[in-house]
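Labels run A, B, C, D, E and F following the written order; every chain starts at residue 1.
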Amino acid sequence: MSRLKMGIPKGSLQEATLDLFSRAGWKITLGSRSYVPAIDDPDIECLLVRAQEMARYVESGALDAGITGHDWVVETSAAVDELSELIYAKQRLARVRWVLAVPEDSAIREARHLEGKVIATEVVHITESYLAKHGVKARVEFSWGATEVKVPQLADAIVEVTETGSSLRANRLRIVDTVLESATVFIMNHTAAADSWKREKAENLILMLQGAIAAASKVGLLLNVHRDDLPAVLGVLPALKKPTISALSDPDWVAVNTIIEEAVVRQILPKLKAAKAQGIVEYPLNKIVL
Amino acid sequence: MSRLKMGIPKGSLQEATLDLFSRAGWKITLGSRSYVPAIDDPDIECLLVRAQEMARYVESGALDAGITGHDWVVETSAAVDELSELIYAKQRLARVRWVLAVPEDSAIREARHLEGKVIATEVVHITESYLAKHGVKARVEFSWGATEVKVPQLADAIVEVTETGSSLRANRLRIVDTVLESATVFIMNHTAAADSWKREKAENLILMLQGAIAAASKVGLLLNVHRDDLPAVLGVLPALKKPTISALSDPDWVAVNTIIEEAVVRQILPKLKAAKAQGIVEYPLNKIVL
Amino acid sequence: MSRLKMGIPKGSLQEATLDLFSRAGWKITLGSRSYVPAIDDPDIECLLVRAQEMARYVESGALDAGITGHDWVVETSAAVDELSELIYAKQRLARVRWVLAVPEDSAIREARHLEGKVIATEVVHITESYLAKHGVKARVEFSWGATEVKVPQLADAIVEVTETGSSLRANRLRIVDTVLESATVFIMNHTAAADSWKREKAENLILMLQGAIAAASKVGLLLNVHRDDLPAVLGVLPALKKPTISALSDPDWVAVNTIIEEAVVRQILPKLKAAKAQGIVEYPLNKIVL
Amino acid sequence: MSRLKMGIPKGSLQEATLDLFSRAGWKITLGSRSYVPAIDDPDIECLLVRAQEMARYVESGALDAGITGHDWVVETSAAVDELSELIYAKQRLARVRWVLAVPEDSAIREARHLEGKVIATEVVHITESYLAKHGVKARVEFSWGATEVKVPQLADAIVEVTETGSSLRANRLRIVDTVLESATVFIMNHTAAADSWKREKAENLILMLQGAIAAASKVGLLLNVHRDDLPAVLGVLPALKKPTISALSDPDWVAVNTIIEEAVVRQILPKLKAAKAQGIVEYPLNKIVL
Amino acid sequence: MSRLKMGIPKGSLQEATLDLFSRAGWKITLGSRSYVPAIDDPDIECLLVRAQEMARYVESGALDAGITGHDWVVETSAAVDELSELIYAKQRLARVRWVLAVPEDSAIREARHLEGKVIATEVVHITESYLAKHGVKARVEFSWGATEVKVPQLADAIVEVTETGSSLRANRLRIVDTVLESATVFIMNHTAAADSWKREKAENLILMLQGAIAAASKVGLLLNVHRDDLPAVLGVLPALKKPTISALSDPDWVAVNTIIEEAVVRQILPKLKAAKAQGIVEYPLNKIVL
Amino acid sequence: MSRLKMGIPKGSLQEATLDLFSRAGWKITLGSRSYVPAIDDPDIECLLVRAQEMARYVESGALDAGITGHDWVVETSAAVDELSELIYAKQRLARVRWVLAVPEDSAIREARHLEGKVIATEVVHITESYLAKHGVKARVEFSWGATEVKVPQLADAIVEVTETGSSLRANRLRIVDTVLESATVFIMNHTAAADSWKREKAENLILMLQGAIAAASKVGLLLNVHRDDLPAVLGVLPALKKPTISALSDPDWVAVNTIIEEAVVRQILPKLKAAKAQGIVEYPLNKIVL
């Protein structure tokens, strides 16, 4: 029987990934020591692999597919297909950036000031490409971690990943430039992508993962409105998706059911009330496929 | 740009308040040491302040608005507007009481028995007002905390806050009288309340906080019913809010969607079944604005 | 006033039981030491009792009703009514099995190989019945726990409970036979079952517990579909329960609302999309009474 | 090669036992699941066994020796040798008592009041012996635990173990009588005790365990004293063991080194100072063999 | 029988105090809710009282004696005897300071700059005395805690306690002046101090507490030295206390036993080795009374 | 003023290193985020650096000295002086080994079977040297961690570090060969080693670290013996170090004080007792410099 050999990222993305799979409908269970977690789908076989090594093992065929960062695909120059971006990270549903950062009081203000300097980073190849692009010569040292504390004692600048910049600020670093934007990606090797069963399995998996990601930032909104007030109420709702309007037994009234970004509810809801919507109810969602 | 300077209560109400704001749509993030938490709304600036000091700082204008207990507004005699009660406390969605309590076997049975006694409390002014109202003279000592263990060794009676009375019972204390009922309140100073932008911002905030409080104790109920059984089914539902009745494609049946207190579901649901409702589903809610 | 004296299982089932009651609408609060937990229903009085002793105390009338395992009803031969199975256990919503297990390399391959051997178990009577049924004579020793580590040093075989078999595999044990299947049951003694008030109270309680159990593995699915595509969409949905189809203001479209097993969503959803369903939303449920 | 098969009590005594062995000079390491802990002595093989079952397995020869309570030797009537008492328990270095206890307001004041009553206990045989000795007939029910909460709802009296009585008082129980005093014991079966190698190994083990127990409640005291003051100083020291008096280079002074109970230091030390002892130093001990 | 009623400070000093009593020879056990902890000395009765309220209750005679800070004796102007300083605090064996602190970039550089400003503090009276001494008028506001975050938004300056200054630095505050130095003190009221039994009990207690404090920062040093090298070795040892020199069986050698500050061992030990000391051993101490 | 810039290993050795420094007499305090820990010695400046990068930064002069593993000195080919081995590791006071390991059932039995295989390891250069020495060609892949779970799916063999082999056994791996033995080392660069102040500071530091390491596995033994029994008693003691024999006031008796390995106490102590030693006391030690 065919099975999809799937790499799950071990380490900083691990918890967010297992949580995402769970919301998407797949339960992955870690044993105490095992790096072969159980998954409740006989079609899939999981392996925990570090994000940094994922692309290499997908490329070699040890895995059919995997979840890793776009940054590590670039860093390892692995020849794999990026089937889909999955916009989530350790803390937030968002992209991350690799940035060139220096101490707040450093004289380095742009790339060309790096000439002859020492740069510490976990992404040596990405950094070297960036330097080459700017025609700058500098020494790039591989850093095993805690890179942001290496300046100024051990390096002049660093290239480090950040979601919100707060760790950099806490270490009194200043961002000089963005070196690479990255997001979590679903990758597959060419052989597996050409196998129609594996390809379809992967696409259904992506559909459900995207459905869960979409639902995490959205909510359902249900409200009743008199037909006379309907245009005003609809005018307030974001144009994201046409709301479902259903007839009520009282023919003068309709029920409106719609999906909106949770972040805008606090702006929309007072306006809906002003537009005479009644019985407004916000409810949580598990998955959305529009 | 105008911003609303908002005091968030530090200490016993803090966790419940941050949770309430989160459900209302505002994410407040504490740094490791900082008392200026981040909030994801550029219109608002937060400051963590103890509930006891909140009214004082809102009155002085250091803050525009804040969340504290009605009790502390009274204790500090601060001239602020109480815009809205927000019925939640540390443990429950309910009011709290400041009570006069004594050891189970004390001879003190009513206020006048306090004559010449020592009373320990965190609310010295409230207690003195209570004594004055009853024409009793007693010594009121400020207590820094753990007041309920001061009787009988260090005081004859205490005035202490309680949600459910369980901590008092555990310390074998008897409640003699209620000195003050209190609830969490949203306060604002007169100047801020007269600024139309700040006033509207505060009212929208209150609308969302109330929407989240309302949803926490309620659920949605969805059921199908034959038109012949509709009156019986509607007769079972609480009159709280008119249910939404929608047409189904089978013209003999309708769908009923309503909001009820979660606490009564266990009584209503067997009756709905007896009244021939079908496919009864209870679902959770995030916010309600009726 | 009449009250239902209800035994709640202390120990491995305790947390799952309190959680189930909470979802069903009853909040049970444990004090720090007390074995008489508080419940927010004046009609019920709770007592924490070990599952092993529950049937004995329900039989004697010390309790009217209780929740325990079918296995312990059998083991203690208690004369009680099993009103309803409640399919949940410590880890999963599922039945458990008492199995005869031996070390992986043991020569014991079937029941008759037990002749003259030593068997350790917590269920001495169930094991003796099993041996009698197979006409085998062996020594059955009561085990106070950690039974799976007694072979081979302290016993030749064990009879032990398992949900998934993983603890047995981790101890390198092989299952020889299933001795008894069991599930959590709601039991009542004959006297209480004959009291109409207690009987009705118990049945309403069971209705709500079953409603919460049913909801835990199911979700609501809401989607819009053009009338032309309705047959295709309905063909994809499981036949479990007739979906609710409601009219939308646009007469060419209908909304479909249905309840399905969460475990099949990942198979159904891609098919629904292929069948042209739109705006597909999955939402969580609290309780279901079909 | 000969090895001593040694049972270590699993459960409430486990942590105190592993700690005692460590202080005595043997490091026992538990694996994550294993009940065959590693010990850093090739002459010994350990097995974790519940205290209740220990005597049974030592008697049968599955183990050569073990550590359990005297109570469980009596309860199981196992024919084993109790080589030595080891005075330690879960919380303290002390004996425990099995007591007959009843609710504070019970009418039961002595053993004969138990006639016809229900008694819950983990030690059914010990309790039945006690009743027989007093010529009383009562129903003794095996309790799986949490016995102290069974009165008055599920039993009239209990026989329960206690170190300090505090758990009984917290449950508002009154002690009627002591049924059995017990201490931790080192047991061995007759065959192993007759094997001279195993016997000597066991006795050396006991010597070191006793050395560690003795040291836990004692300290070393070192002081200088002028020869003129020596009789007064020695008069203050407990007569437990003759102190070591050593000559100093200054012939008028001697150094006194002695071992005393830590609990009496606070009484002795002020008296030593009054008797003109100088440079008094208290230091900790690991093991003592007097 | 006479008993010493002793107040133990609840809150930040509590853990350090219980630990100190334990090392001094008294075990104090807290119950789960009780503020009347048990102590293993029938002559003493303990009560947990906040440090801020201790002097007040010792003065009134509700307690005979107590442990609190010198600062709170001053703040409350309580008429009590300070029998002894006990040099320990929450984190270290050291005094603490109440300091006047301002934001790093504040214009306030000395006391007179406070004129007309707002100062937040927990020690209102101490602060007012300080201002009076400097002839400055400013508004002193009582702070319920978290004082260091009140500047600059809610106050211009603070008077706050510090052990090492690290919390102030972390909040970017600058120390302007020391307002009061303080240490933990053992206090007693005049009546109790005049009772010879209570006075002696208190003094013995202080002797042991001081003995434990002294031992915590010191160690024992034991070494052998040839008589020819003795002067050189003794020259290296601190003059704190005359070392004990004892004769060995080999008349050319002596053993030296001494007590030194642990903090200087790292400087002394290399010098002792250079001076030909042999077999140098450092050992821990429990108590020291020189 | 001269200061020694000292690298402390971050990560798996960190806790053991801080503990060792504390026992040696230096307290190192980590701030919440800082990688420049505070040390209570103005002569030293600390920096937390990963063990893997330590030798590189000591070589470059960014640090004067550091603590790392001999393995990482070899792996990075850094030109530094290894001043002293410090025999401690994460779990034990012992050396570690880098071993070539394969799955239990692998066909690889010796180095030459690696021809053409894939080896995963954190020490790429050490592994390549090992292969070169055996004349074998294989692909060595850098592993970011969790190397032991990469076989057999992602690699054919691994080169991994082990203290006791238990993690390898738990992953069902077989050790084929030892590639490198390693211990923790104190390293210094040539420039710093040639600076007499830095060199002496480093040597004193090493003396104290070695003193603390020596004490951790040893204890003091104190006993009294009659002069007639002295030869027998001395015959039992290990010849490690000449015991200190001191005269007692009773001229027939002497006191013996010696230092022995804690691990042999359990063998020596019964023999000492048999040889008529009396008042045998074992006491703990902080540091030893023989």
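Operating definition for what follows: contacts are C-beta pairs under 8 Å (C-beta built on N, C-alpha and C of every residue); 3 or more make two chains touch, one makes a residue touch a chain.
These numbers were taken from a predicted model, which means no experiment stands behind them.
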Of B-E and E-F, pair with higher C-beta contact tally: E-F
Copies chain B and chain D - rotation angle from C-alpha fit, nearest 5 degrees: 180
Maximum centroid distance from chain C, chain identifier (CA atoms): E
Furthest chain, CA centroid comparison against chain A: D
Same vs different contact residues, chain D with chain E, by half of numbers used: different
Whole-Å separation of chain centres (CA-atom averages), chain B against chain C: 38
Where chain A and chain F are represented by their mean Cα positions, the distance between them in whole Å: 43
Mean-CA-position distance for chain D and chain A (Å): 58
For chain C, residues contacting two or more additional chains: 246-247, 283-284
Chain A-touching residues of chain B, taken from the complex the two chains share: 24-26, 40-41, 204, 207-208, 211, 215, 220, 241-242, 244-247, 254, 257, 259, 283-290
Contacting residues of chain A [partner chain B, same complex]: 219, 222, 224, 246-250, 255, 262-263, 265-266, 269-270, 272-273, 278-284
Contact set on chain C toward chain D in their complex: 10, 33-36, 47-50, 52-53, 56-57, 62, 141, 143-146, 149, 153-154, 170-171
